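Across the two complexes that follow, chain A remains constant while its partner is chain B and subsequently chain C.
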Partner chain A sequence: MANWRSERTARDARIEAGRAHAEGKVVPAASVVDLLEAVLKPGDRVCLEGDNQKQADCLARGLAACDPAKVLDLHMVQSGIVLPEHLDVFETGIAKRLDYSYSGPQGGRIAKMLYGGQIELGAVHTYLELFARYFVDLTPHVALIAGVSADRDGNLYTGPNTEDTPTVVEATAFKNGVVIAQVNELVERVPRVDIPGDRVDFVVEADKPFYVEPLFTRDPAAMTETQILMAMMAIKGIYAEYAIRRLNHGIGFGTAAIELLLPTYGERLGLKGQIATHWALNPHPTLIPAIESGWVKQVHCFGSEVGMDRYIRERPDIFFTGADGSLRSNRAFCQTAGLYACDLFIGSTLQIDLMGNSSTVTTNRVAGFGGAPNMGSDPHGRRHPSDTWMKAGREAGGTGDPALRRGRKLVVQLVETFGDKLVPTFVEKLDALELARKTGLELAPVMVYADDVTHVVTEEGIANLLLCRDADDREQAIRGVAGYTEVGRGRDRAKVDELRGRGIIRRPEDLGIEPLDADRSLLAAKSIKDLVHWSGGLYEPPARFRNW
Partner chain B sequence: MESLTFRHTTKTPLAGAKPLAITGVVASGNLEVLLERVLPPNACEVAVETPIGGYGDVWEAVVADFVARAQPGGLRISINDGGARPDTVSLRLLQGARLMEG
Partner chain C sequence: MPDVTDPQTLSWYEASARQRVANLLDAGTFEEFVGPAERAMSPHLPLFDLPRAFDDGIVVGRGTLGGKSVLAAAQEGRFMGGAFGEIHGAKLVGLLRAALDVKPAAVLILFDTGGVRLQEANAGETAIAETMRAITDARAAGISVIGLIGGRAGCFGGGGLIAGTCSRLAVSESGRISVSGPEVIETNKGAEEFDSRDRALVWRTMGGKHRRLTGSADAYCEDTVAAFRQAAIDLIETAPRFDLAMLEAEQGRLEARLHRFGACRDATEIWAQLGINDPDAVPAMTDAAFQEIAAGVTEASHDAR
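So, the complex of A and B:
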């Protein structure tokens, strides 16, 4: 007689073991280690909620404090490697294998541990890809998640940073897994139910509120004239040219500069209402002036941003909010929106090769990708037209009936030719290849593949790769905007002039932009304090950004 | 500290008569440029003090492009680069030339 319920039986046993440390579903913070040691089995797949922004830090500390003789060889399947504890567990043997997406703050340490063989790496995923695998071959046995508050039945309020939680819980709770939530407080009644209580098995009242990384706050005071020049070129040479309404912005200063130039430079060009109206974007503080000036129609968010909650509550026409008034974010849905419903992704990277492949992996940092490889890719599942998408498709060429030719997603890399300490952005060969060779990865961690990139924007100009017709066009188009890097100085000058004649390379002067006009006076806000003023005092920046 | 000097002959003198200008500030990733109108009208000299060695060919290319574009005849230019990137250097040089024309 086949047993069709072995997983369910195992789940019931785990919960029974955990109940010894709980009162109903509620577990005191002091008993976290006991709870985890009771519930976890060697070799379990565990999702320790480390998102792009919020962190289940109390549970992370608990896991790291478990006895490696009892809890061992775990396979961690989590989107963000952000806290030191996320890697500590690999040093003690509690965890062995890792599948993840993003590791910004731990990028240096993760590189060392990969080279040292302390981590068995499955793959560096894009968010949507990792989430997809939660439902196919990386389904968690146990999920350790974070919320703002819960009631005694386990109904969970995630607050504005819902992020990955619904996806993680869906995959775990409905496939015989155990869900353990840490919350900042236990309440009689939650402000809104983000996760229904019957999907949550244990609730831990955390010793302190969960940590949120202010990842998307860019201080306008630190913006340079070069970044402003690049933003001017992007607005005039790409946003206006393709009439881009639906878009996603990356995390860097260049795109933040674009946000701050919309109400000034964009307004002067008469583009209000024509571009940048519908967004898949975190609530970037630098978008406040554009919102307040009436540029932005709506914004769907992956997560929230520290300090933006009051502002968002007062702008429900713009943001997605719950009946309680606070933001409802959702990383999986917003990534889907960025993939299928946006016509442009624009972001930065650390290295670009001669064909346009890019990666944020360098010899001593493995920062992971986050959302860029997903939103920075051309979705072949798309079937709805837009003028932007169709125009890009026409530029890419092709033959046959136009009604059978798909459009193209615009994928723009906005990079300065040199990074910090004069490290060149343009390289002959990506460091990612060396990492793959040394660590035995079959696939090099490439962030955006060459065939997905449509434009490269640097301080020297715009390279339109859609218009390139062969590999030589493409290589010289990239060299032609690579500035004074070795790759840039290695250009074929005659070929670059020819590409400029064909409109494949466009210099600031070709766009009617005078580089000396790239001035900080163009920024709608020149400081964090200016952003607070624009928001009518609703934006409450975190302490580290307050210098007044 | 590395010191580099580049001498160029220009087709024309730089317009204007302003004898001296300074642009930029020395701070992280930024630089200071001093421009003096003290040389013959078809000569330009650019002196660079940089804390990052080994970028002589990059500097040479940046200065050559600037001279071709601005034709800064008559100027002696001193750069205290503070580790600035070439694009910033290029921008500051053009800003400086514009100030001298004004």
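So, the complex of A and C:
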């Protein structure tokens, strides 16, 4: 007779083995290695929680310290390759295969290890895509997660940085997997139950609080006049024209500049209440002046941001908060919100080709995707109209009954023509293609595909790709805003003039913007300290962003 | 929104060197020497394929302050971090030497510098030494030299040494004064000794509030050009004489400081010893509240230098 409970039996055995190192569910930090060696089996799929923000770092250190003779050939299925330990396990043989999403700070090392064949790479995903696969073909056997506090029954308080935890636990706990949580402290009663205790098998008291990267903090003091000019163009030429209310911003300085211009330049244009009211966004400190000036109606967050917790607690009309008062973030839901309920994604990238494909991969860095390709794509499953979406759809053209024409999501690339160290942003061919060839990837890691991008904004102007009718229009529209890069200098002047006549390319002067007006005095806050003042002292910036 | 053209609200930190000097002095009185039109530029930077500035990152000239004749030099922190190169240094040294002939009420140095420009280090180091010599000559001739520090680049390296030879210094919260910068200390001594990414630590150790409390700076201003103007006017009035008695007093003060605070591990311990009740509150204090506290600290006021 068929055994329909083999997974359950295996799970019970793992838990039984782990209990030897626990008192009830509670495991001291010193016993992490013993616990992991008892629970893990060779070849397991393991989700070690960590994304671009919070990290289950105590468990990561424990995993890296396991005996590779006992714990080996793991298949890591995790959002972020962020900590050194995330790659150390591939060097020692503890892990072999990898499916992931984001690898900011480890981008250089992961590229080397891919070239060196130390990692068997499945694929680089978007967050939502990887989460989806947790429920289909990448279901973890063991999940190693992070929370702020837990009680002895395993009820878990994730704090403001809930992020991926509910998704990871859902996929693991309900499919015969083992969930091990590290927490900063054990308490009698958690402030709120983010994960019910019957989904958590072991609770590790971490040796120190889990690490959170303040990835979304942009210091207004570092904002340049070029970024301010681009932000003015985006506000006047895109936000105002399409009346964009529901949106997501990337993490760059350009979009942070937009946030800081809303209460000043946006106010002057009379746009308050007309644009930028509903957000899928992390709690960016640079959004504080717009919130305080009454621009923002509500914000749903992927995660939290270091130093924003007190401010968020005092603004429950704006943010999603729990009964305990603190932020409830959720990456999977917020990514879904960004995909289906936002009319605009605007972000930056490292390279854009002649058709508008973009990538943050260079030949020696594989940064991964995170959420941008998800939010920066036109969801074909969308069925609800909005004026913004419908207008963009009309601009994209099409024939037949208007009631059968879908709208378009606005996907805007906001880039300076030359990036860091004067490396050109516009290229004939993406480095991602070379990386794919060298590592044998079937798909080149493209951040936003050309057919999803609708506008490119540079300091030279806006290219509206929706209005382009053929490949030549498109190439020249991109060349036409590519400035003094090789790509920009390779433009067909007559064609670019024609595109300008058709409103496909618009210069600052076409938008009624005087570039000399792009001054730092337009920023609602010019320093982190100004942001603290705007917040009424509620924002507590991390030490690395202070200059007092 | 503050009106940015109004010197009352114009941020010193945000302003360019030219905006600072023009709004610091009596309106319309600044007259530049060796201005950008003369294109006295670095002869060294092209060797490194680096862009040059028509003024080599420093503005020098004369004008009046509160009706008194002054010479002024303003470093542009946004060009190569305000660093000293050959031309940059020569303009400052020339201005200070001219003071001996012009006999102004004071020379004002608007510091905004990371120190010596690495690409022309020999010329830059020489300029630092020549500047210090020229300052002591000017002071010996009875001309006060007032340093104003509140720019983006702070006052580091040779700039920190020069600041130490000035008659008086005014500083704002964002101004930093030191010789070795945070990154240099970390590189040489390790992050355990000094974590340069911990900017709260950097400001506690080198920032304007600390420098004011220990008496390294003689005035603390809010971050506006108007506040620096008032501080400069006041400091000219109170600048000490430059003689043996003053130098001995300064030596005594520095020795006493080392003796008293040498064992402290953090600036907050020094502030506690200075009699400040809640030292941890100092960094977040408003300018006005801080001024009040600083007024009660004796170290902050002395007649040495």
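One rule holds for everything that comes next: the second predicted complex is superposed on the first by the 548 of 548 C-alpha atoms of A that agree within 3 Å, B and C clash if a C-alpha of one lies under 4 Å from a C-alpha of the other, contacts with A are read in each partner's own complex, and residues count from 1 in each chain.
Here is the rule we go by: a residue touches a chain if its C-beta (ideal position, glycine included) is under 8 Å from a C-beta of that chain, and two chains touch if they have at least 3 such contacts.
Bear in mind the structure is a predicted one, so any value in this text is a computation, not a measurement.
Placing chain B and chain C on a common chain A by superposition gives a clash between them.
In the superposed model, A:Arg546 makes contact with chain C only, not with chain B.
Of the two partner chains placed by the overlay, only chain B lies in contact with A:Glu225; chain C stays clear of it.
Look at A:Thr264: by the touch rule set out above, it reaches chain C but stays clear of chain B.
In the overlay built on the shared chain, the residue A:Asp57 is in contact with neither chain B nor chain C.
In the superposition on chain A, contact is made by A:Leu516 with chain B only, not with chain C. Of the two partner chains placed by the overlay, only chain B lies in contact with A:Glu459; chain C stays clear of it. By the document's definition of touching, of the two partners only chain B reaches A:Glu416; chain C does not. Listed for chain C are the stretches 5-13, 41-49, 95-103 or 185-193, of which 41-49 clashes with chain B, judged after superposition on chain A.
The interface of chain A with chain B does not overlap its interface with chain C at any residue.
Residues 29, 52, 55, 57-58, 61-62, 83, 85-88, 91, 94-95, 98 of chain B are the ones that touch chain A when the two sit in their complex. On chain A, the positions that touch chain B within their shared complex are 224-226, 229, 416-418, 421-422, 459-460, 483-484, 489, 515-516, 518. Chain A meets chain C in the complex at residues 221, 264, 519-521, 524, 526-527, 537, 543-548. The residues of chain C lying in touch with chain A in their complex are 1-2, 4, 11, 13-14, 152, 173-174, 197-203, 207, 209, 283-284.
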